[in-house]
Structures are given as C-alpha cells and as structure tokens.
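What follows is a single structure, written as structure tokens, with notes after it.
Chain IDs A, B, C and D follow the sequence of writing; residue 1 opens each chain.
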Amino acid sequence: MVQGITGREGSFHTEQMQALGTNVVAGTSPGKGGTTHLGVPVFNTVADAVMATGANASGIFVPPPFAPDAIMEAAAAGISLIVCITEGIPIQDMIRVKDFLRGYPSARLLGANCPGLITPGVAKIGIIPQRITMSGPVGLVSRSGTLTYEVGSALSASGLGQSTIVGIGGDPVLGLTFRDVIELFERDRATTHLVVIGEIGGSDEEHAAELLGRGSRLKTVAFISGRTAPEGKRMGHAGAIISGNRGTAKSKEEAFRQAGVAVAETTDEIVGLLR
Amino acid sequence: MVQGITGREGSFHTEQMQALGTNVVAGTSPGKGGTTHLGVPVFNTVADAVMATGANASGIFVPPPFAPDAIMEAAAAGISLIVCITEGIPIQDMIRVKDFLRGYPSARLLGANCPGLITPGVAKIGIIPQRITMSGPVGLVSRSGTLTYEVGSALSASGLGQSTIVGIGGDPVLGLTFRDVIELFERDRATTHLVVIGEIGGSDEEHAAELLGRGSRLKTVAFISGRTAPEGKRMGHAGAIISGNRGTAKSKEEAFRQAGVAVAETTDEIVGLLR
Amino acid sequence: MKLLEYQAKEVLSSLGIPIPPGVVARTPAEAVAGFEKLGPVAVKAQVPVGGRGKAGGIKLAKTADEARKAAEQIIGMDIKGFKVPLVYCEAALEIEREIYVGFTVDRDARANILLLSAKGGIDIEQVAEESPESIARLYPNPWRGPMDFELTQLVYDAGLGELARPLSAIIENLYRAIPELDALTAEINPLVVTKKGEVIAGDAKLEVDENAAWRHKDLEERYGGVVEGDPYEVEAKKRGLTYVSLDGEIGIIGNGAGLCMSTLDLVQRAGGRAANFCDIGGGAKAEVVENALAVILMNPRVKGVLMNVFGGITRGDEVAKGLVHARDNLKMKLPLVVRLSGTREEEGRKILKQNGIEPGANAWEAAQKIVELATMETPTPAAARPDLPAEEVTLEHPS
Amino acid sequence: MKLLEYQAKEVLSSLGIPIPPGVVARTPAEAVAGFEKLGPVAVKAQVPVGGRGKAGGIKLAKTADEARKAAEQIIGMDIKGFKVPLVYCEAALEIEREIYVGFTVDRDARANILLLSAKGGIDIEQVAEESPESIARLYPNPWRGPMDFELTQLVYDAGLGELARPLSAIIENLYRAIPELDALTAEINPLVVTKKGEVIAGDAKLEVDENAAWRHKDLEERYGGVVEGDPYEVEAKKRGLTYVSLDGEIGIIGNGAGLCMSTLDLVQRAGGRAANFCDIGGGAKAEVVENALAVILMNPRVKGVLMNVFGGITRGDEVAKGLVHARDNLKMKLPLVVRLSGTREEEGRKILKQNGIEPGANAWEAAQKIVELATMETPTPAAARPDLPAEEVTLEHPS
C-alpha cells in the first residue's frame, strides 16, 4: 500500500510502481476514505486499509511533519515492511520512532530519506528507476541515492543484473542497517554477489564488515564515498567522545579489507572487482 | 533489601523484618552509600546494592513523591519482587509505572499502598504484624490492611495457620492482582485453603472468581466489604460507560458464588466456612 | 477534587479548548448583569454532581427578567444533597449537534481511557448500554500520550471524520489535563457543534487527584477553598479527615477503608443505618480520633457512635486513652460502643470500661449493641453538640 | 544550526540553567562598558567552532584597559576560518572545579546519549581516550526522558555524588533542549563549581536540527539571521543550498550527497582539490543549478567547475538546457566540465557540446579533464565574477 497516495509524489511513484507490476492494494489519505485513486481503494487510516485489504508492506510519501506518525501508524497497524521515502525528518523524531518500533519487532523500517527497494522486473517500493536495473544475481545495498543509480546502471551496462537493490537512506538515524540487509541477502537464494556502497560517518559499514568477516557465501565488493571529505567543522566534544576513530573512510575501508572484502577506490572499479 | 532504609518508617519496619528472621542484605539512601544502618550496608542506588549483594526483593518505604521512581529503579536494577508500602501515590504516576514495568516482565510489583506479605515464622516484606499470624495451610489475600489483620487474627485464634498473607493494596491502580496472587497460591504446595478479602470497586474480584471457577485445588472462602456502601457521589459518565454494572459488592459476591466459592457475609463467618 | 462547571471550563480554556463566554452570579441581580453583558443565557446551577438538568438546575433565559427568575429559583435549590451556592450564566449556543468526549481511569486496564461518541448529550449512559459500539475508545500510552494516528482512528471510528481536525485538537488539549494537572476524569458532554460550525464545550466536568495536590498548589489555592454542599464533609475536609456523609443515625469510625466498610455492613445487618463513613487510617492518634468524633457529633441525626479499631501496630491502650480524652473534651453524651482488637486489647478494654464506655467483644456484637442503644436514645439538647463554625460558609470566586 | 556561546547561554538560561552575567561587545568601547558593568571579565571570541581558547580567542581582563585591548585583539581575528565578529564579556568566575556535561546523538545506538565527567575542561577528548571509564554515560528513553534514578546513578557513576542535587537539576534542564528545541548536541564544558559552591555554566555549545526549523520559528528568527564566518557558505545558506566551503580550486556540483562526495574523491585522485561541496539534490531545477553556480563563481580561488549529475528521474536534456542558461546568465568564463548520465543522456550531451561545454564520458574522465583545464587557466578578471551582496555582512544581536 501507499501512504499519502493522493499527493503529487505519492501519485507519480504509485504509477511507476504499478508499471513494474507491483501489486498496490490500498492507499491512505485521511478524509478521502471510500474513494479510488489510480484504480486503488483509498482509506482514512492504515489500520482500515490493512483490515480491508491485508496489505503487508507500505511506501510512505508524506511530508516531514507527518512522516514519523505515518511510520508509527504503519507499524501499529501490523505492516511488516515500511519504506519511508520522505527526506528531511527531524532526527529527534526518528529517535522516538525507533524506540516506538521496539514494540513492534516484526515491523521492518527502510529509511527514512531512502530511495526504497526494487527487485528488477518483479516489484518495487519507492523511487528507484526501473530502467537502470536488470534482473540478475547481484545484491546491491547503499546509503546514497544517486550513487545507487550510478552503480546500478554500471552493473546493468556490464550485464551484471541485480537480485534486489536496497537503498537504506542517508539520514543519521535509520531503520534497517547494512547489516540487517546483508543478513537478508545471505538468506536469499537469488543472490550470489553483493555490492555495498557506504559513506563516511557512523559505524554501520564497520558493523557490516564485521558480519561479512565471519564468513559469507556472497562475493562482495565495497565502496566508500567521502575519502577526501574534510572532517566536519565540529563544535563540542560529545561526538568525538562517543565515536573515537570510527566513521572515517579509512576506518571503513580497512574494516572491509580485514574482513576479506574487495574495496573499490572508484565506482568504475566495482564491476571489475565483482566478476 | 529496603529502599529508604534510613527513614523513620524504613528503620522501624526493617527491624521488625529482621526480628522475624528476614535476610535483609542491603538498603538504599542516596548520599549515605558506604555507611551501615541496623547492621545492613547502605548504598546510593538500587543498582549498586544489587551489584554488591545480589538482592532480589525490595521493600519500598519512601514518601509518595519519590516512590514511583523507586519502584522503577528497583525494576530496572533487576529486582524481581518489589513491595511498595507507600500510601498516597498519585494515580497517574502509577499508570506510568505500570507501563514502565512492561519492559521488565520478570519484576513483580506488590502495591502500592499495601501492607506487604508475610510467611509466618519465615520472613516478611512490609508491615503485617507477625503476632497476628501463625504458620499453617491457609493462603490469605486481601485488598484491605486492617481487615487482613482482623481476619489473620481470627484464623490464628481458631488454629488455622497461614502459609502466606498477601496484601495487594487498596489503590485503584495496583501491581499484582488477586488473580496473580491466586495463581501463585495454586502453585504453592504449602497452601491448601484460601481466603480472598475484596471490596467494592474495580473488577479484580470478578476476574479472580472467573479463575477459581475454572477449577482450583484450594478450598476457598471469599468476603467482600462495602455491601452497604452507597454508590459514590459520581459526576460525569466516563466511569459508568466503562464499568457498567461491575464493581458492586453484589456483582462480586455473585461472581464468587457462580464460581463455586463460599461467600462469607461477615468476617466472623470466614473461619466456619473454611473448615 | 471535583471542580464546578465554571471552574472546569476555566481550566479547559487555559488548555486551549474553546468555551462560551460566561459570568458567575451569586445573586439574581448578578444574573441580570450577566444577561445584559451576554444576551440570551443558560442559567446553570453549580454543583459537583451530575443530573442537575433533570433536577431543574438549568434554565434558558431570553430576557433579563427570565434571568432573574431563573437565578431566584436555582440559587439555594437542593440537588442530590448539595445546596446550590451560585449559578453560571453562559451565552446560549445554537446547537447543531452534540458530541461526547471524555477520559477517565480504567481501573481494570490500569490505564487512562479516552472515549468519543457522536451521540453526546444527557443520554450517553443509555447509549453506552444499548449501543456500546457507538462509543470509540482509545488507551493512550501514558508516557507518549495519544499519537496523531490514534486520534485520527478514534475520530473516524466514532463516525466523526468530517470533524477530524477540530476534534483531534480538542482531544489532544483535553488529554493535557492528565500530565499537566493529574486529572482523573475530564469530560465535555455535550461538546457542541454550533450552527455556525464552531466546536465548543457546552458543559465540562473535571476531577483532579488529591494525592497529587503537592504538584499543583496553584490549582489547590484557586479552587481548593471552594466549599461543597454537605456541611459535615466540608468540616471533615478542613480537619483532614477521610469522611463521607450518609443518611443514617449511627456515627462510624474505623481504621482502614476495608474495616470501616465492613463496619457499615455490620450496622446495617444489625438493623441500623450508618450516618457516615470515617476512616482514621493507621496509627489512630488521639487528635485524629477527637477530630473524627467532633465532626460526627455535629450531625443532629446521629444517635450513637460505633468505633471499630484493629490495632496492628497501634497499641489498644493508647487508643482507649485517646478516645476517653476526646469524649471528655467534647462533652459527649451519646452512646459510644468501641470494638478494640489487636495489640494490648485487654488493657484497652479495661480503660474503656473504667470510663463508662461499652467495649464490644467483637465487631458483630459491637454493631448490635450500638444499634440497640441508639434506638433507645432520646434526642440530645443542641447545647450538648459542638457547633459548626460561626462564619457563614461562602464560595470564593476567583476573579 | 550552531549557536554562538552567548546565544547558547541565553537558551540554556531560559531552560533554567545558571549562567554568569555577560555583555555582547562589537567594539572595544562596548567591551569597556561591559567591564564597567561587570568588573573583571573574560573577553571571549564568538565563533561557531571549538578550540578558540588555544587560538588566543579568550582573554581575562582585570582592568578597563585590559578589556579594551583584549577586544581590539580578538575582534576580527581569524579562528579556523571564521573571522570573529564580536566578543562576549562575561563576569569572571572563581573556579573550584570543572565538570563536563553534554549530550549528543549517538548514530550507532540511534539514540541520544548523556555524558558526565568529573574531569571537565579543555582536555576532555584526551580524558575520553585515556580513561573512558571516567565519563559516565546514559541513554535516556526518548519518550520518557531521563528518569530520576537514572540521573542519580549517572551522577554517582561519575563520582560526583556530593553534587547530586544541583547536577541532576542541571542535566534535567539541559535535556529539555531535546524535546523543546530539537537540539542535536548541547554541551557545558566546563560546568564550573565556584569557590562559593555555585554550579554554573562556564561555556555552552548548542546545535539544533535545521530539519526541525518549522517547529521552532522563534529560534530561527532570533538566531537564524546571525551570519557565520565563511562568506560563500553564508551566501549559499541564503539561497537555500547545501554547500560547504573547502580550500581547493575546483568548484563541484553534484546531485545527491554520496555522488557529490565521490566526485570530490575523483578530483583529488586526478590531482586537483575541490573548492567546495555542493549537493543540489534530486530534480536539479534550472534555478537551483544557477544558484549553485553563482555561489561557486564568487570564490576567486575557483579555476574551473565540475558538475556531476546522474539523472534517475531527472531528464538529461533538461539539466543541460538549464545549465547552459545559467552559464549564459552568469556570463561564466571559467572552464566547465559536465558529466551527465542516466535518462536522456545523449540528448543532454549534444546540447552541452553545441553550447561549448565539455561533456565527460564518465565521472573519472570528467574529473581528469577539469583538473587539466583548471591547471592551464589564467586568473579571470574580477569583473567577470558575480559580486557578493553590497551591504556589509553584520551580526544581529537580539537585545
């Protein structure tokens, strides 16, 4: 289903999702319950939509002031895959959302501020353009939107199709992590190769490397953007106290190398290392 | 352990508990950590006390403004039986405490505003006077303090000793319910008889009756006080909307009778019905 | 603490809930002034109890004369035992529809419950009984408060989707009374939708937790001084007692609510009727006993007093000494039966007997004895009773 | 949004945290006036970056003359790229001990973390590295906030039990900046215990979430107009761009943060240095491209511009048209290389070539090309650059 289906973004991307064959069974838009939009029944609330249609995944296309509530509404209504595209959600809202989601352990949140996910030729939730993709064995997981498209295109152009492409989003406080997504790829029979596209900041790449270092059946290439980005103009020490030396491109690349994962220095190198 | 051990109430009842042989291993009183009181080591926080002594039950003797925090502190520190004697805790505080305790499912709260529990001749947490008790096979659970003492005395005077006496407290929002305590008595080999002393208000007695009606190995007598109490001078309808006809002495007595439980009309009748 | 309607509305207004303009009137002249300021008004009795409408405590006034007459009729009227001290003259609303919204503590769920129904008005209890599904319910998490999506669902569940925005805002503000005021019950019934489409509180009920008074001294100062109907309850409150007036003739003192209630039950069983419920709690200090006895003796209906004390920690001899002292101080002439049990009960009974007070062997015997004594008793002259305070009891109006 | 010290202290004071009296001075004369009002003062550079003490940005003044001299030296000084616009003259404290207290977002834990240490002062990062156990930590639940018992434990864990009361109160108030202001980081270092035993904020740092600006318009109005050091960042902020100044000579425009960062990496690999980071986001409308180009061209160090766009939804021909338009409007003379990929890339490249703009076949080739062109480039006459706004950039002080 799609939350905010009648909005401009919601409408446009619902059509894109339908064009790929995604089974969009419901949408929400408070006050428009009972109407139909793009051939899809519209409900006032997610709980109403779930009750009527059995929807189990939701893409969220609502503005930042309403997106945190939309995520929690989806989780409380029993949605198990929540994909939040919205960019610009305040961090403290997301921290509260993350705590709320602890009460709904079967709900997985992707994003916010992410392009969503796509299984080429099958279905998608979010905004990843279908035409950069091609069906195949490579799992692709990324923190960056446009870099995902760039690498996806390059893979497709080289004949390396993708099983699923997952954009986890660029915000500091996210739902699914690299680690979570890699665990899912490990269990996915259609995936034999893996590309991880990280960036500076946080320790999610380090944690992913640690997981891969314990042994993986996937042939993996990692790429980190921001190698030459200067350290932010920090003020205060709190950040430094808790993060220490983690979070730099160097520490992330080193973590992947120590885990036996090939590291690409430019995106152009990824295809070669993956073969 | 005892929270608020250095206060007047805490001191007095710690001595009483020790006199019965209760193994009081620690106390708390912020700022007095490192000292000793009544032969018991004092700590600044419950977590410190648990770390040092392994305490697993706590009696709380602190004033109402601090008692809710003390309950949550005990639960967070891993205490599994929390007995809160404090009277006069605001109801909204207790509602928040109850929600907090959901995060600590192994912590049991007795009270607040309860006299605690005693296993005659063995140990007690709280303020039930030892001299009204006598060891034996009767489990006694009650919402009222002085009625508990009265019935306990009557049982002892008739030679009917008690396995354990539990006062669940008189506040509208409580920890352990009649039901919870009865389930524990069912599993207690030392208990063969049961006395339930309820009062008007709420539906805890009805729920207890329902449980007993499903079959019980305990010979049980119930007593409800407040048969002639007039309906409170209510204002507003919210209470009536949610409670309907439950909560009266009549509905409670009827529930017990339907469950096959003998109902005493005065406390004097209890002993006779129990034999 | 139960607030009067005009007080509850003041509070709800401070939380951002729309209320009609209104004026408090203690005299018919003030009601006329209210009419002149506001135009057509509802003249409403201010009592901390429901059902005033059916009791004739609300009258619509379309002229100054009607306002005067309504105030004359209502002020001083007795509604369920409360003598109406003042009226609230409120601008009359053009009612399009009436909604019910409120919250209270659900004891069984150990949580607050929000209730919303499109079928508001005086018959809400009947609605609850006959079509409970027409009342939408929400248990907000007590730390987070109601979430936006929960309020949206509540409003649509109640069939009030077209009012989602104003209703969500009003419910959110109403809920603020929980964290900010320790409210136990707050209710707007009816919540009026006017012909112009405004959503505004037609009536308001608010009860705050007296156990939390230390957190809300402002509230206590502003509204705590206002006196409710029953003079004995008012006096008992001033003396810090847990006291409820009943309509029988046997005064009751007990320690502990459960014991006290079971004492009421025994008196009824013995053929008498209790004049009150008075719980002096644990410890039972001499001063508290004296206060309790004083308030009970103010009531001319009382023909005897039964005291039922079980001493857990309290020593029976000390209770007995305190009681004798109190009786003597108050020059009490009425029959007094005491059931004293627990620690040092023998010593206590001895003291009572030496001072002419009848000790009961057990609670049941004591109840029978006081009923018997009270039935024989002839009325006591007024001089033998402590007086109510001389100053007239007046309501303070925060201006 | 990062607040200056005096602004952060204003905010913390409004949350109930004690701060010393102080006066903002934009001129040495105002610093003297501050001294006359307050007595001995610390004269402190106001810049939104740490390390000003070591850079000579804080001086103690015991006489009016010292205050004047300190202000003369500090105002206009450059601290880590920020030209100091004003100083804060604050009553000097008699320091008994220095404590560290602060919170920030712990990305890995997806939570806020509170930090407290008895070893406050300028060496706190060293303390964190050498004896991390001397910094007590707490992750408060984001809905409940820190509980009393958690604060008590934190304070005792930090070995500051004798200050439990004032510290718990200060931390509780500091934490209010999270729910009430959407703060991401707040720090008091040092939190000073004076010789008289007062506990008072010696310094303060506060960063609030710009994504939450719509919730805090007052904060934005009060402090958002205040201009930070780098003039290009200031100008970019006015135009609503995501822009960071760097110290190289190649201007960079990209869509998406990841793509933009990887473009920086490629330029460095090709032997050049980026002059900025500028992410124009998805969509890449002509107006945004023109704004980005305008800001980049204001910087006289820039010798060439590289634009890297991957069109997912964006159409390449439209991006190309917009860029040509922007270049012409701005009369841009510097080399410009564009890597355009994705939807309609061929059409886009054709438009670029027709208009004399070099398209790169891929990002790596484009990076090599711009570095080559920029190295050959001779300085452009100033007339060919857009000017910074004519009015002088001044700091507004909320009085």
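General remarks:
By our rule, a residue touches a chain if its C-beta (ideal position, glycine included) is under 8 Å from a C-beta of that chain, and two chains touch if they have at least 3 such contacts.
What you are looking at is a predicted structure, and each value in this text was computed from that prediction instead of being measured.
The chains in contact with chain B as well as with chain C are D. Across A-D and A-C, it is A-D that has more C-beta pairs touching.
Of all chains, the one whose CA centroid is most distant from that of chain A is C.
Per-chain CA centroids place chain A at a distance of 28 Å from chain D.
Separation between the centroids of chain B and chain D, computed from CA atoms only, is 57 Å. Chain A and chain B have Cα centroids separated by 50 Å.
Looking at chain A, one finds that residues 100 touch two or more other chains. Taken residue by residue, chain C touches two or more other chains at 141, 143-144, whereas all remaining positions touch fewer.
Taken chain by chain, the contacts fit none of the simple shapes, being neither an open path, a ring, a star, nor a full set of pairwise contacts.
Two chains count as a pair here when they touch; such pairs are A-C, A-D, B-C, B-D, C-D. Residues of chain D touching chain B in their complex: 144, 147-150, 152-153, 156, 161-162, 164. Per the touch definition, chain A reaches chain C in the complex via residues 30-31, 33, 44-48, 66, 69-70, 72-73, 76, 100. Those residues of chain C that touch chain D in the shared complex are 141, 143-144.
Residues 2, 48-50, 80-81, 100, 102-108, 110-113, 115, 124-125, 128-129, 135, 141-143, 178-179, 182-185, 187, 189, 205, 207, 209, 211-212, 214-215, 246, 254-259, 261-262, 264-269, 274, 277, 282, 310, 312-313, 341-343, 362-364 of chain D are the ones that touch chain A when the two sit in their complex. Only residues 64-65, 88-96, 98-100, 115, 127-129, 131-132, 142-150, 153, 170, 172-174, 197, 199-204, 207, 223, 225-230, 233-244, 265-268 of chain B touch chain C when the two sit together in their complex.
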